[in-house]
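Just passing along the structure, written as structure tokens.
Per-chain numbering from 1; labels A, B, C, D, E and F assigned in written order.
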Amino acid sequence: MSTILVNFTCYNLLDIMTSVIRVTKEFHFEMAHALLGYDGPCKNVHGHSYRLFVTLSGNPVDDPGNPKYGMVMDFTDLKNIVRNEIVKVFDHAVVVSRSFDREKKEMFTSAFGNAVIVDYQPTCENLVLDFSDRIKSKLPKSVKLHSLRLYETANSFAEWFASDNE
Amino acid sequence: MSTILVNFTCYNLLDIMTSVIRVTKEFHFEMAHALLGYDGPCKNVHGHSYRLFVTLSGNPVDDPGNPKYGMVMDFTDLKNIVRNEIVKVFDHAVVVSRSFDREKKEMFTSAFGNAVIVDYQPTCENLVLDFSDRIKSKLPKSVKLHSLRLYETANSFAEWFASDNE
Amino acid sequence: MSTILVNFTCYNLLDIMTSVIRVTKEFHFEMAHALLGYDGPCKNVHGHSYRLFVTLSGNPVDDPGNPKYGMVMDFTDLKNIVRNEIVKVFDHAVVVSRSFDREKKEMFTSAFGNAVIVDYQPTCENLVLDFSDRIKSKLPKSVKLHSLRLYETANSFAEWFASDNE
Amino acid sequence: MSTILVNFTCYNLLDIMTSVIRVTKEFHFEMAHALLGYDGPCKNVHGHSYRLFVTLSGNPVDDPGNPKYGMVMDFTDLKNIVRNEIVKVFDHAVVVSRSFDREKKEMFTSAFGNAVIVDYQPTCENLVLDFSDRIKSKLPKSVKLHSLRLYETANSFAEWFASDNE
Amino acid sequence: MSTILVNFTCYNLLDIMTSVIRVTKEFHFEMAHALLGYDGPCKNVHGHSYRLFVTLSGNPVDDPGNPKYGMVMDFTDLKNIVRNEIVKVFDHAVVVSRSFDREKKEMFTSAFGNAVIVDYQPTCENLVLDFSDRIKSKLPKSVKLHSLRLYETANSFAEWFASDNE
Amino acid sequence: MSTILVNFTCYNLLDIMTSVIRVTKEFHFEMAHALLGYDGPCKNVHGHSYRLFVTLSGNPVDDPGNPKYGMVMDFTDLKNIVRNEIVKVFDHAVVVSRSFDREKKEMFTSAFGNAVIVDYQPTCENLVLDFSDRIKSKLPKSVKLHSLRLYETANSFAEWFASDNE
């Protein structure tokens, strides 16, 4: 039986307080979409198993009396925000642009159980941009939305980075 | 520099000729579907990134003069069959049961770019059963369709096994 | 816009009713354990991100009026069973054998927030055997527990198969 | 703080002794090969990151005094066998058939640092068959080589099963 | 049946036009190589299943009349560029440095079906650097090559970033 | 048989010497921990299969006479450092904060085979920060520790970036 007592002379509470760490959690949702006017098979209604990676950055909580001590943000709290703002809205839904003509939109809304009409072409690029707005507005001030990665298929994804858009 | 000369006294052409090996190839397609009458969110049109694993069994070709020497079936030939019979039909499509009422089916066929109307509820279980019929009929007699695995989401799948259905 | 009308002359309700399909769902839990008397580092308390694959076999439901039409078992129902019987018990717990001496067991139960004392050495092999008992007893009669796969690390796993134990 | 004391009335040492469990471990090696006479790009020397899954079946050790108590086979022991018999031979090597003409074989053996000349066409099918012989001969009698899976690329693999070849 | 009509007051065409999004696509190729003068097993000819991730950055197309509306670059166009410039050249090939002596290079070129002689040691680092040149020269001006990630084995990779080299 | 002779007019030794490339290697360890004072199940001793990605940046070695020619750092050397500094310390161990009261710490050190007592709450965030100190101090001056990614579960991770902390 061995016990290792580790001493960090150069690693103390101050370091933690001023260090920036990024934390990421992965989410899934199953969604259909169609790209109006696209010149390929994506113009048809089809679907994907989307995987969304949400990355926050911040300082780990530095107060030993705080139950979140040592965390940038409790993954459970992050999970609740992303589930409410993204997964509940887009999972098991079909997403189409408002630019479809009225007749088709009416057809969509009556033919589909859960249609989400958005103000943009629902490409992977635009979805991840939209999601950045939805998540940012719900985060506490102590953390920053650093980036989002959205896999549309197993081998292609789009990313939004705060640093690219400041 | 080293060269290893390997001799197999117990491993010869006869062994290869009578040995049964299984070979598997993975395919992907992006599909939407809806489950008529289901009591959950899957009743809505939604989509998945399906992953299909096709497993054949047979004896590796035993004729050194055959370009396919040592193969159960050339993966390229298998790829062509599965692409024609499955991927081309179901990729970037929406699949619904013939049991939807006439009005809705007409809506589906006009609202979607590529609707596949099938004679069954398009659950993962029934899709994999249907695929087994489609692939079996196109395989050469020298190989047997051993099994199919169809992932509907990243963590759930259905399987058809020949041995379960003989 | 194209619509494919698919007709299956050889694929009908009877086929579905008598076809056997396997369905699998993946679960995760984060657990610590220790192997009493083992001659390697696994004798220490350490942890793993366990991944459990539960495979059922059965006939897809053949009644179009049943909301589970076309399913061997609704994944949601399977999820509830496995969460209650396995994940809630073993997630965020430390599992040790009853064979530890009394003093150590008392230490374990006071030092750990959630200790599960089992009647066996908690190897991956014995855990998967135990899980087979726990899950089997809760399944409806229409489905059979076909097999379980339990990953202890990313590249090693144990499996229980009903067919190996009949 | 909670402690769960689990009692298994139906789960005892006898069950473990007579239960059959399968255990699997994954291995990797980086190998080049060429297929003599093949009518496609695989006739060229090229390479793959091979992944080999070795599955054994047996009864978990039932003697509490044995350090391997509860294990079908210690993963460390399995690792040593597969590393010696397979990984050390085939990793960072180029594998070609003895059927290449003498001049070319001499070129191979002088041009390559580590050439393995085998008595068969080194397809994925034949490699997995060869590996089954190499591993079987080194296993203790208490376990059985159940099957091997060899990934040649990320989405194609060959498998050898004892039950297919008995 | 529910329809969600989503309105974005703060999310409009202007935002899309000025937002920077990164898009990534994954490619595979099966290649052999040898490292001249290396003091380890990589000096031998051996192979890997390479995975290449190509990341572009740019503004999603902002013209609703453009079939690529909402895309940084159509994945199909990116696929064609990377297939022509990288995959067709390096897949099913063996890559060695021009610094091998003449005799050995002649042996390589006669012994291998498809030898690619490059002006550098074909480490993962140099390959990814070479690929950055090959891809950059073929991209349209509207997008920027942001970065490349090249997996040599399942758990090691090299990356080139434009921002590291400006 | 074809041989491609590749000439790079714009790609020479100077480019390699001044180019910055990042290299990454993945490591695994199996660890238990407990979060003192946390208001959720993580306050219990439990475990994870941690995956650590270590990313270095630097210029590939530019001296053809150096066995490491073309490498930022030999992966074998990096492997040795990370194994010694991280994996050997944290694998098959339980990690708890020094802030536990004396009685509990004594219990921990006697009840566990291998306890690592650290000066911080062992969240994923603080672990990755600690690891950055441990690895940085052992790297040669020619390379820079660029970033670390530590997966605690299959779908959540923390990252330390040098650029965030300069």
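Note that contacts are C-beta pairs under 8 Å (C-beta built on N, C-alpha and C of every residue); 3 or more make two chains touch, one makes a residue touch a chain.
Computed from a prediction, not measured in an experiment: that's the story for all the values here.
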Chains touching both chain B and chain F, listed by label: A, C
Neighbouring chains shared between chain D and chain E, ordered by label: none
Required minimum of steps from chain C to chain D, each step between chains that touch: 1
Shared interface numbering between chain F and chain A [over half = same, under half = different]: different
Identified repeat of the D-E interface (over half of residue pairs identical), from E-F, C-D or C-F: C-F
Rounded Å distance between chain C and chain E, as computed from the means of their C-alpha atoms: 40
Rounded Å distance, chain D centre to chain F centre (Cα mean): 30
Centre-of-Cα separation between chain B and chain A, whole angstrom: 32
Two or more partner chains touched - positions in chain E: 93, 110, 112-114
Chain pairs that touch, as defined at the top of this document: A-B, A-E, A-F, B-C, B-D, C-D, C-F, D-E, E-F
In the complex with chain E, residue positions of chain F that touch it: 1-8, 10-12, 15-16, 19-26, 55, 57, 60, 64-65, 67-72, 74-76
Complex interface listing, chain E residues touching chain F: 35, 37-40, 89, 93, 99, 109-110, 112-126, 128-130, 133, 155-161, 164-165
Chain C partner contacts - residues on chain F that touch it in the complex: 28, 30-34, 41-49, 51, 91-94, 104, 107-108, 110-114, 153-154
